[in-house]
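What follows is chain A paired twice: with chain B in the first complex and chain C in the second.
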Partner chain A sequence: MKSEVERLKIGSVIAASIWRLVKVNPAVWAIVALVVIFSALVPDKFLSTSNLVAILKNFAVTSMLAVGPTFVILLGSIDVSYMGIWMFGGALVWLLYPYLGLASIAIYPIFGLLVGLFNGVVHVKAKVPSFILTIAVTAVLAFLTTYVRNISGVLTLIVPAYNFLRESPIPYIPSPFLLALPVIVLALFIMFFTKLGTYFCAIGSNEEGAKLAGINVEKYKILAFTLSGLLTGLGSIAIFVHLGCQTRVDFDPSELVRGLAAIVLGGTPLAGGMGGPHRTLLGALVYVLIFNGLFLLPGVDPNHLKLYVGTLLLGAVIAASRALKGALIA
Partner chain B sequence: MAQAWLSREWLQRNINTIIPIMGFIALVIALRMANPYFLTSWDSVITLVYGMSWFLIAACGLTLVILMGSFDFSVPSVLKLSAMIFAVLYPSMGFSSIIVAIVVGLIFGFINGILLARFNIPSFMATLATSMVAEGLAQVISGGYTRMITDPAFRAVSTTMILGLPSIFYWAIVVWVICIFMTFMTPFGRMIYAVGSNIVGARLAGVNVKMVRTLVFMICSLLASIAGILYASQIQGAHMQVGVLDMIPLFASVVVGGTALTGGVGGVHRTLLGVLIIRWLDSGLSMLAIDLNVRMIIFGAIAITMAILTIDRRRIRIMK
Partner chain C sequence: MGTLDPILEVRDVSKTFDRVVRALDNVSIMVRRNEIVSVVGENGAGKSTLMKILVGVYQPDSGEMYQMGRKVPFPRDPLDALSRGISIVYQERGVIPHLKVYQFLFLGLEEKFTRLGRLQLGKIIGLAKSVFEELGLKCDLASSMYELPPSTQKMVEIARAILSVRLMVGMDGEAEIIPVIILDEPTAPLSIEERDELFNYLLNLKKSNSFIFVSHIIPEVMKFSDRIYVLRDGRVVAHHDLSSEKVTEDQIFREIVGRESYYDLWARYVYSAGAVEGRRVVLSVRNLTKKGYFENISFDLHEGECIGLFGPAGCGKSEIAKALYGEIAADAGEILVDSRKVKLKSEPYARVKLGIGYFSGETGKELFLFWPIRKNVSIVNFDKVTKRPLKIISVISFNAERSLAEKIMKKLRIRAPNVETECYSLSGGNKQKVSVGKWLEKSPKILVLEDPTIGIDVGAREEIYEVLLEMKKNGIAMILVSDDPKEYAILCDKIISIRGGVIQATYTNEEFRRLMGL
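Our next item is the complex of A and B:
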């Protein structure tokens, strides 16, 4: 009978959290509004099956860039190394494939874990501002990827042997989305069913207080960075498959903004202390819907992507800034 | 302050002066050994001056922002946008298009400053967003093409030879000296240091923190605009290649000079040495036919190492 009670309890927890999700997250209303607007403006294009599949794919990619770093943003720090992990991890898969075969995809999470650990240790022990540190790490890894491409004399770092991953067993559900699901579940599990989520929020809202309450702040900070790297590494597999079993070989800042924009749009404040991966998922959906619908409209030039991305991020940070009142910001 | 010369404390206190000077000397020796023609002819000196002058102007602005404890990502993007606006408008408007380019730069600086001071948004996030907007605008107004300016009168702004050196060198030195004067001789300069070293203390001492922050971001973008216009003059036009990626050498040259990322430590006077080190290293490495990507990796590694070495850890309790 115990299991019955537990099941009921879990069910009510889930129902209550879904209700809270809708109540406190403006992103839900934004999603509804976007769907209504684009369905009204371009119904035949926006609601077509191929477009909905494309939305699912892009949602998987955007959320995989943003879910990991959310844990670091909960601390009030920031982690933009996801771009470097994604790019150079793919180059490592390409480099190691001749030796390891299909197992070489496992290098993605391992590499992500190591980069996250490095970020965490340097940020905590050497006290380097996390944004500067992780953006330098991303830049170094991105240039390393381009360098690997240049010296190997190929156009793309493509590994065709993984093409079987692109076939989805379920019709209309793209395989990048299926690959992203376990990472999403893992992130939500860590946030809601372990003490880590609570500890990260505690450190983010008041670090001194968390220290006084007996939390080993340094340990949990390093853990947050490591977790961010690991989740990004796992999630990068979905992006790798989405791009046709290859990685990006040139650095594009608008891809970097994608992850940050999803987090900010979701409503996790940059000062830390509240929010979490569930909000980031909503933010990723908002981001994907905006750009999916925008480029369906007539007269929108895809060459001006950077302008739209920049304006969106600007609007998002301004809209989210009411959570930052009174914080001491550099 | 009377510490024994070369003692442990003395080294710790002066590490952000010792490293740039030693690094510079080591770099010159290494470049001479790698390339026997380095700095032997006056032409090579002029080439180096062309490479670093516009860079120094932009780096001075970034130094002011870092001194204040903030960060400005949008410097290369504003530089590119100003150069591009100037190059697009010059055929129809002549030299008065300088005003448009500079006003656009000032507007971007004002937005950056307001986002930080009024809306309390972390400066790197705000400037990352505005840099994307600036990049996008440059793309929109240029259509993605390189715009050439063939008017010799405009080229003369930066390439007239005075005492054997091109005039862009004197522009850069004038900007550098004005910045040094501003930071050390005026109350406003001391306010920048005050905000950078202790923002709460500065506010309690009556410094108008919001105004100082906004003004410094405006100065930074103004200098980026000036650098962009002079760069356009030097290369006879504007192109889309300058951009966010130039942030790495720019940032590296500021921290290599010895300005700490946490703010309040360092100064604009140090940035000259940082720019010399980074630009000479850049040209030395490219003479050795080293790939651009590897050069960027080296600059990134140098920047992070110097940032770790120069941060004053006694002062900070919580690092975000």
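Our next item is the complex of A and C:
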């Protein structure tokens, strides 16, 4: 009898927390709606095993571009150096593989950390606006990547020795997703179980107040950039494997938008102060579902897909920012 | 018209916000020609609302307005007010730093100096020169606004207000109108010398203009105004004509604060001065100086002692507090915490590490309004709510966070459904309790208090005082900066009176009470 009551109580607690999750994360509604719509329109294609595996893979890639920078966006700054870390980090792995062997993959997180630290120190100490700084860093790193390819006289910077990473030990679960999982867990842990998450939000929502509460604002800003670089470096391993153990050698601005899109669609406002990696994960799923579903629809020209997604994004961002404003005032 | 007839008058103005907050209650004031009229009062007394009605930002619920003896409607908007000769210089955000002085002076008035779409620069600069000469303002017209010292920036702003009135009124071709310029806390960003400079400038301008001077800094109000209106809780509680009556600063002080309003509360605290001799000195300040703000400040603060820095706003007391908390840096002197010398240039986080905490009653200044109570409490208490499974990682325990917040809620009787309640939904008093509560568990060695009970009701004040007194009993030393003498009488063992940035006298609690007639 008693256990019955307890079970009921636990049930209601779980229901309440799910309701809260849905209420504060509008992206959950979008995910449900997208799944329902595409399942109804193209059920055989959308719900096929191979498509669901593809969704999982793309989710891993998109979230790995976006989870790290989310911490910087919490501060109210922005970090778009993830493209540079991903591209040139891969070039470094390729360059150093002959000397370090399999261990050269560790270059990714180390390089990410260093780039993040550089961004943080320059942004905070020299007061360079973060967007300009990190996009300049990306431009330089992207150029260097192409340069490495050109002087080496190869077409791709591929390291076939890592091909074993592409095999997933679990059926239906793609290996990029498995490689992304620890990064996701780490990001969520930092957000919710260390003081860093709280401090970043504090700085983003009320910098003066954070200072008065005795937070070393400069230190934690640098830390956020460093963390962003480190997580991007770790996440880049998953993307590296996803692309067939190679890195991109040409710069594609739509990849740059992809990371920011996941963050904004998830509901972390660019002004900072609220949100976090949990929302970014939801946002990445929304992005991937839109892209994937549109691709499957008959009559949608795949060549125009980027245009459709871009336009949709624009609408979503405007709608999301309005909705958030309303939620804040209420 | 005689010179004593009012050029601008409002009668029985009332304004209610959101149907409940009565900001103004039958307020009447008037301005004569060539005078400086001051409107003084605490934050929230209704000064700003009244001024905003005069310049057409708000419409009153009821009341009448007269100009040059004729009944007129209230201004519809700031432009309408301007064309009737009323202009305002706001406290802040008025200056656009990167504009040249002449560009700023004519900002929004370019229309009158444009021919065939081309700005007549020669004409603008010529007029600017003659205006500056007339007003006795010396500065380079071609320099950028941010290059000017703060006092000169303010003067240019005032010149701009006068100029725009002249140009707007001149357009209508009406009879002579004397500009009424409203100055909203014009001295707030200025140092002591710069204030005098500004006032000399105003006294000169008085010959051709009238001013409404909004302030809560009593000495300067006494020095430069012809008449004073005291506003409290949306009513005019006193009106003094300084040419015919003798008023003391303390009298105005009491009128502003409202002596009777919570005298009872104070009386309940029969003060028992503990002997501080023999107790440990936690903070020593030696000849602390910051040019233009305070000079040669020295005192010793003992464990469990509260020292009040007392004086009119602008005397340097809050700057001293800020220098102790690391928000601003003193130029010279020494600060010793536990007999160890600390750096003068510092940051609040470094001072927190030394054991100095800070609490301000200003809403939202150090509270994260959209956070739950739990987070607002744990932000300074992470060492208490985290566990360390490894040396370098500390993991937040939600249960510890929640029970800490619950403990503080219970102790301070914070009225909220639970610890997850977001702080914006709390009442002013409860917000303040969360703000001060976070330091309760942290137990710093020294707590710097700046206006700890500003803008909250008597009951909530009492509860905040109880908390602070208990912290004091537990050995926490405090520095108090406030505008309210009773607050000093309740909390302080020693009161240091500061005028013009220097220590005038040091009183014990009893001496202070006798002096203030409390």
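The rule we apply is simple: the second predicted complex is superposed on the first by the 300 of 330 C-alpha atoms of A that agree within 3 Å, B and C clash if a C-alpha of one lies under 4 Å from a C-alpha of the other, contacts with A are read in each partner's own complex, and residues count from 1 in each chain.
Assume a residue touches a chain if its C-beta (ideal position, glycine included) is under 8 Å from a C-beta of that chain, and two chains touch if they have at least 3 such contacts.
Note that the coordinates shown come from a computational prediction; the quantities given were computed from them, not determined experimentally.
Shared-chain residue A:K195: touches chain C; no touch with chain B.
Residue contacts after overlaying the shared chain place A:N150 against chain B, while chain C stays out of touching range.
Contact with chain B, but none with chain C, is seen for A:H123 once the two complexes are overlaid on the shared chain. Shared-chain residue A:G214: touches chain C; no touch with chain B. Of the two partner chains placed around the shared chain by superposition, neither chain B nor chain C is touched by A:S39. Once the two complexes are laid over each other on the shared chain, residue contacts for A:S48 go to neither chain B nor chain C. In the superposition on chain A, contact of A:N163 is made with neither chain B nor chain C. When chain A is checked against chain B and against chain C, the one touching more of its residues turns out to be B. Contacts of A:S205 after superposition on the shared chain: chain C is touched, whereas chain B is not. Overlaid on A, the two complexes show chain B and chain C touching the same residues of chain A, namely 208, 328. On chain C, the positions that touch chain A within their shared complex are 325, 327, 347-353, 357-358, 360, 364-368, 370-371, 375, 378-380, 382, 386, 393-396, 438. Chain contact summary for the complex, chain A toward chain B: residues 75-78, 122-123, 126-133, 135-137, 139-140, 143-144, 146-147, 150-151, 207-208, 251, 253-254, 257, 260, 264, 270, 272, 303-311, 313-314, 317-318, 321, 324-330.
Every residue of chain B that touches chain A in the complex is listed here, in rising order: 69-71, 115-116, 119-126, 128-137, 139-140, 144, 199-200, 244-245, 248, 251, 261-263, 291, 293-294, 296-297, 300-301, 303-304, 307-308, 311, 313, 316-320.
Of all residues in chain A, those touching chain C in their complex are 192-195, 198-199, 201-202, 205-206, 208-209, 211-217, 219, 273-274, 328.
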